[in-house]
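Next up: some structures, all given as structure tokens.
What follows is a pair of complexes built around chain A, which joins chain B in one and chain C in the other.
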Partner chain A sequence: MKIPDWLSDGTTCPCCAVSVGGKRNFVEKTLVEIASMMERSIFSEKYSSSKGFLQSIDPRVKLITILLLIVTTSFVTKIEIILGIYVFTLFFAYLSKVDLFFFIKRVWLFIPIFSGIVVFPAMFNVVTPGEPLVTLVHFNSTVQLWIFQFTEISITKEGALGALLFISRVAASVSLIVLLTLTTRWADIMKSLRTLGVPQIFVMVLSMTYQYIFLLVRVVQEMHLAKKSRTIKTDRTGEGIKKEQNWVASRIGTVLMKSYKMSDEIHSAMISRGFHDEIKSHETFRIRNIDRIWTGFSLAFITGVILLNYPV
Partner chain B sequence: MHIPDGYLGPITWITLWLVMIPIWIIAARKLKKELRTRNVPLLAMGAAFSFVIMMFNVPVLGGSTGHAVGGTLIAIILGPWAALIAVSVALIIQALFFGDGGITAIGANCFNMGFVLPFIGYYIYRLITVNADITSSRRWKGAGIASYIAINVAAVLVGIEFGIQTILYPAVNGKFQYFMYPLSVSVPTMAIEHLLLFGFVEAIVTLLVVRYLQQTDPSLLRLSDRKIVQDKIPAGLSV
Partner chain C sequence: MQLFDLKNVNYLYLNRIHALNDISLSIEQGEHIAILGANGSGKSTLLKLLDGLIFPSSGIVKAFGKTLTENILDGEGGDFPRFFRKKVGLIFQNSEAQLFCPTVLDEIKFGPLQLDIAKTDINQRINDVMGMLNIENLKDRAPYTLSGGEKKKVAIASVLSINPDVLLLDEPTNGLDPRTQRWLVELLIELRKIGKTIIIATHDLEIVEEVSERAVVFNEDHRIVADGKAKVILNDTALLMGVNLIHEHSHRHIEKSKLTF
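Our next item is the complex of A and B:
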């Protein structure tokens, strides 16, 4: 089902966006996070139902080939090749009618930016010694800091290249998995996991969890919204924090009680509908020529990548 | 604490997958025997709860917020084996659908947060609460201490997994292939971060929730004991 644009438009009217004190407190932070999570999954459904290239591939084939590509990326140690894999994902995102700007934003917004912070110090000679590219500070004597010794602070060639290698590997891997989940319905991914030999019970728990996550998230959202709409002044003194922590804990406790009770009810519902510890899923997938071509292509791509990286 | 793809080299992530597969199989067998048809909905709700717990921002000092992992809390309620599956399922969904944590690193993430964290948390909690009444203050104090220790052990493990990359994959032409900081940097960084901040968030959440449950629904705290009793009921009587 395609969500109409007016419905997925995230802008709220200014009347209900009043924030006290200017700074976002934990209630608002939580609400924003939940909203962005919901938005992400709504967008996912939007792309998986459009008619692009990857959407037409059998989900089982797609799952296996993309997982193989992710594993391959982990083995690649040359920057050029990893950048090549990244371009590969962009190309197939384009062929699959995924908005490239959205795709890039979706990939880079999460992990790679965080990884950038992690990798930043490694660009300097303090961590990665080598040929200096830019020297920022030069000291007259050797400086000893914790376990590091240095006489200058500069960005080294080795450090910069290492950082680029690291970031591009993270970005390529995230791009691959995002490409899979954007172009495949989650129910199809679940069914395909069975073909990988994942036991039935795991797949059943996985797919049931996915469904109930959205229900529980909605419950959490309503709790926070209820609190926000009843809050006039935020209290930031020590006692206030304690009170707020107690509030969060009591809500987590409530969600826990609710979900436990719900698991009982779901169980009764399943039993009364004849559940016998086993679920028969109807396999409707069929391998077509386009799947054979895609499999051949991606296996050739993987072999090429491995041969380029580890020449015989 | 979610390790993304690309941080760990193949030796580490393949090893941790190989460690986790038998553990998952044992857990699945154990739960199937204990819970019978109940296991699917119970584990699914446990996993959904484990996912949702990470969405609760907890205010800490100075206007900053953090969130808990909740591994110890789930282990206290459902027992460590059910917590293992619940947290693992939550982590797999995060990796697959939300890009949080890597695919190759699923083994590593489930080992740290799904296996080590709940098991250590659970057994420390049981040790502290031996013979403690269900409403005793030893329960929530124990829960706080256990979750604080458990998350720190898990964090140090992550630090070790990061740090050994420089040993397993030494620099080629001066540049490292995977995680680039040595053990002497990665372990203290992870440890200090969790000893000073995230450990307290986890402890505060766990102890306050246990205290809340003591006041409102103490029966939930008896679940992990009751399951053993349930197991003794003949198969025909319990569906």
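Our next item is the complex of A and C:
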């Protein structure tokens, strides 16, 4: 084998100062975020496999009781009771050896983004009329804006209470779901869906989708790094960004082809091990006394909440 | 007893690209065969044909005395599909495609469950196979979180739990570190001793002599150019060079590879 001359022609670095870092582009940021989500998902297995209280409960029982608690929370109209449910989740998070700071952060990180934005307009007299708490702007005459009529913009007592009720309800419900997902392995949650009557094939497809997303993300990341290692980005505006977008679009096709090929292989692997139209499964879950106690306690708690909120 | 009998088998991808070209081959029970050939010579296609996952474009593939067709393995074959899947297990080259269950435990359980093996037997098999391959600590892990070597072990466990008589392995040492490669060779030697029929598609000549007595060589025209004793074929430098399996400067280090790391 003859090595061409140019291959042995090494060049020395012409620069004396090398700058590192700089802004990451959109593609890179997205990939890094997806990869870190993947790490977080693996990291949270730390809690589901530790020996805490909720980890010892049968996943089916846990799924059903927590879903019942969420439904109950959505019917509660008194903020103090919802706060009680929130404290209940914190207490059981503590008993389940979940780091409380991590738990609170996980819940409250998303609430301002999703429910906060939704509820923000409802705090004002324009949407929720009532007793003003803080007046922001006062107009000399009545203002007509689409279907709304107002002479001032103020935060009303009714609006603030409604927003608080909504946010606390979301916080309690999200806390319950986070508690379930942190203390139960994803695979067990999937299997527990069978008890709610979800068909086996649906559960299987869902869990396969979940894990193959991770594999495809890895493929995309490697493709991006392979490109990055061979390119120098000089144009960060206009044409440069357009080229980057074109590259992303064309790689989507490649990933689709790869995933199609892989799905074909997976199907062959399933057939090879005896799969034939219907997936047979074997659950090893067993109801124990602790599950009965938890079910009894949860039902009593739910009854208590309902009676407190709607006294007979 | 004859397990497989292939007569003038051709396989074409997209109806025009040859993957197998006029293949005739007979495999007896208890044989240990290495299918040798360069990349793209048709080894993986042959294994998929033997596992009844694809069917020839022309020619006949017989397994256990029956001609393998899509119909016979797809409901019209009575008990034969279940019998065949219990008897023949394929370990894919790409472990990621083979590991589709949420946990390692589910993965090992999948095959026996689909084949209606009694639940008490399944539990026994799972424990034994995990103990044998030393993967008990992985049982609750999701397959995508495992290393390449661990994935290969789980893929092997998921097939061994079915207890097939015939094991088909597609490039089993690909991408494995030397220690795991050595472990795999020793496992195959042990499986040989208990009478399993082992068919390996590989271009890793270092392992061939240790795990197989017979070698079948494919050339780049997707034809079988040699079929005989592995020892004789491995010493036929001209043949191996002709099918692009070795280079004129290649050396064999078989004694070295027998070292346990």
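The working rule: the second predicted complex is superposed on the first by the 262 of 312 C-alpha atoms of A that agree within 3 Å, B and C clash if a C-alpha of one lies under 4 Å from a C-alpha of the other, contacts with A are read in each partner's own complex, and residues count from 1 in each chain.
In this text, contacts are C-beta pairs under 8 Å (C-beta built on N, C-alpha and C of every residue); 3 or more make two chains touch, one makes a residue touch a chain.
Please read these numbers as outputs of a predicted model, since none were measured by experiment.
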| item | value |
| --- | --- |
| Touching partner for A:186 - first (chain B), second (chain C), both, neither | both |
| Partner chain in contact with A:274 - chain B first, chain C second, else both or neither | second |
| Which superposed partner A:91 touches (first chain B, second chain C, both, neither) | neither |
| First (chain B), second (chain C), both or neither touched by A:170 | first |
| Chain A residues touched - chain C or chain B, whichever exceeds | B |
| Which of chain B and chain C A:297 touches, first, second, both or neither | neither |
| First (chain B), second (chain C), both or neither touched by A:208 | both |
| Touched partner set for A:161, first chain B, second chain C, both or neither | first |
| Touched partner set for A:262, first chain B, second chain C, both or neither | both |
| Common ground on chain A, meaning residues reached by chain C in one complex and by chain B in the other | 186, 208, 210, 212, 215, 262, 266, 270-271, 275-276 |
| Complex contact set, residues of chain C against chain A | 48, 51, 53, 75, 81-82, 85-86, 89-90, 92, 94, 96-98, 100-103, 106, 109-111, 113-116, 119, 122, 140, 142-145, 158-159, 162 |
| Of all residues in chain B, those that touch chain A in their complex | 4-7, 9-10, 13, 24, 28, 32, 36-49, 51-53, 55-61, 63, 65, 70, 73, 77, 85, 89-90, 92-93, 95-100, 102-104, 171-181, 184-185, 204-205, 208-209, 211-213, 216-217, 220, 223, 239 |
| Parts of chain A lying in touch with chain C, wherever the complex brings them together | 42, 49, 185-187, 190, 207-208, 210-212, 214-215, 262, 265-266, 268-276, 279-282 |
| Interface residues, chain A side, partner chain B - complex | 23, 25-26, 29-30, 33-34, 37, 40-41, 44, 67, 70-71, 73-75, 77, 106-107, 110-111, 114-115, 119, 122, 127-130, 147, 156-159, 161-162, 165-166, 169-170, 172-174, 177-178, 181, 186, 189, 199, 201-202, 204-206, 208-210, 212-213, 215-217, 220, 236, 241, 244-246, 248-253, 255-257, 259-260, 262-264, 266-267, 270-271, 275-277 |
